[in-house]
Amino acid sequence: MPVVVVEMWEGRTEEQKARLIKGITEVFKEIGVEPEHLSIVIHDVPRSNWGMRGEQASKLIKKGAE
Amino acid sequence: MPVVVVEMWEGRTEEQKARLIKGITEVFKEIGVEPEHLSIVIHDVPRSNWGMRGEQASKLIKKGAE
Amino acid sequence: MPVVVVEMWEGRTEEQKARLIKGITEVFKEIGVEPEHLSIVIHDVPRSNWGMRGEQASKLIKKGAE
Amino acid sequence: MPVVVVEMWEGRTEEQKARLIKGITEVFKEIGVEPEHLSIVIHDVPRSNWGMRGEQASKLIKKGAE
Amino acid sequence: MPVVVVEMWEGRTEEQKARLIKGITEVFKEIGVEPEHLSIVIHDVPRSNWGMRGEQASKLIKKGAE
Amino acid sequence: MPVVVVEMWEGRTEEQKARLIKGITEVFKEIGVEPEHLSIVIHDVPRSNWGMRGEQASKLIKKGAE
């Protein structure tokens, strides 16, 4: 019955999301959770809404820090 | 003081959201939580960001699985 | 497929949790979500881990503020 | 390593978000968490997705209640 | 920089948690996220705090439903 | 009306939690949010439930990595 919530920067492709979902589902299967009992929710977060090192990720990127 | 976070597929109408909020508030009132002490947050999640049965919900729908 | 996460103070009885779960499930049913497609997760939060009005709820209660 | 998730109404300016991120990071620094170990995620929530006093915040505002 | 929050029933072994963390990290690596940029948080949820089919999971188990 | 959820390792003192709550509340006040409109929830996460660099934080600490 597990629920997985992923917070990540927006901009991932459909293919990357599909791989994430497939891969995470397989990992849970290894510990005994059937795919139909797993829910995965991805939140696409704009970089200006993501704080790291005390700044918005959108600004750090401009500075070439990441 | 409870906080309720709802993750659900985007596409619900304003009326459905209003009913959810009103209904959940009434349920909490039954266990002694006053409406002014309850916060409800709804996250509209695109189907391509929702994983179930190892796939994006957007693809399962196309296949007619749901 | 919705997921509901509830953050609330610890100390609720089993009966109160059962009513919450039953009631929330009925509200979702009204907007077309079948009970077997809804997951509800309750987090019991100690009052010392809950901040309101700038203080731990555990301290506000001692002061008779709530 | 802490993670902070903020749910708030959409409409905040870039400057307000930057202040939030900077300020929260400084608070964690005071209790010994280095800025590079803190992640902050802000969810911009439409008022129609926010429930308070049993109604959508979008409707309460129209009524002049807040 | 992604953050993954897992809600699952309490009772998983240390080994199962280690496999989950290792596996999820590998999945993110496949889409370009380095292990040092990923944080994973697991919430152990008591079955009496988990609602499914309108009831506490703790009660459904007693009934032999799962 | 904002809600702040903090995920951090268990083991923080009451005083540290009080400072976090007070400090975060002041930061929100700077952007116009009154203390009585802010809710803060802290989740104490065991190190064995925290994944970083592909491992449980509890194991990395034993290795002296953090």
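Labels A, B, C, D, E and F are assigned to the chains in the order they are written; within every chain, residues are numbered from 1.
Basically, contacts are C-beta pairs under 8 Å (C-beta built on N, C-alpha and C of every residue); 3 or more make two chains touch, one makes a residue touch a chain.
These numbers were taken from a predicted model, which means no experiment stands behind them.
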- Message: Using only Cα atoms to place each chain's centre, name the chain farthest from chain B.
- Response: F
- Select the chain at the greatest separation from chain C, using centres from the mean of Cα atoms. A
- Item | Pair from D-F, A-C or B-F with over half of its contact pairs in common with B-C | D-F
- Message: Quick check: how many Å separate the C-alpha centres of chain C and chain F?
- Response: 20
- Item | Per-residue multi-chain contacts in chain E, two or more chains | 1, 3-5, 7, 20, 24, 26, 39, 41, 43, 50, 52
- Chain pairs that touch, all of them, please. A-B, A-C, A-D, A-E, B-C, B-D, B-F, C-E, C-F, D-E, D-F, E-F
- Query: Can you list the residues on chain F that touch chain D in the complex?
  - Reply: 1-9, 12, 16, 19-20, 23-24, 26-28, 30-33, 50, 52, 57
- Item | Interfacial residue positions of chain F with respect to chain B in the complex | 1, 3, 39, 41
- Per the touch rule above, chain D residues touching chain A in the complex are 4-5, 14, 17-18, 20-22, 24-26, 35-36, 38-44
- What residues on chain B touch chain A, complex-wise? 7, 43, 45, 48-56, 59
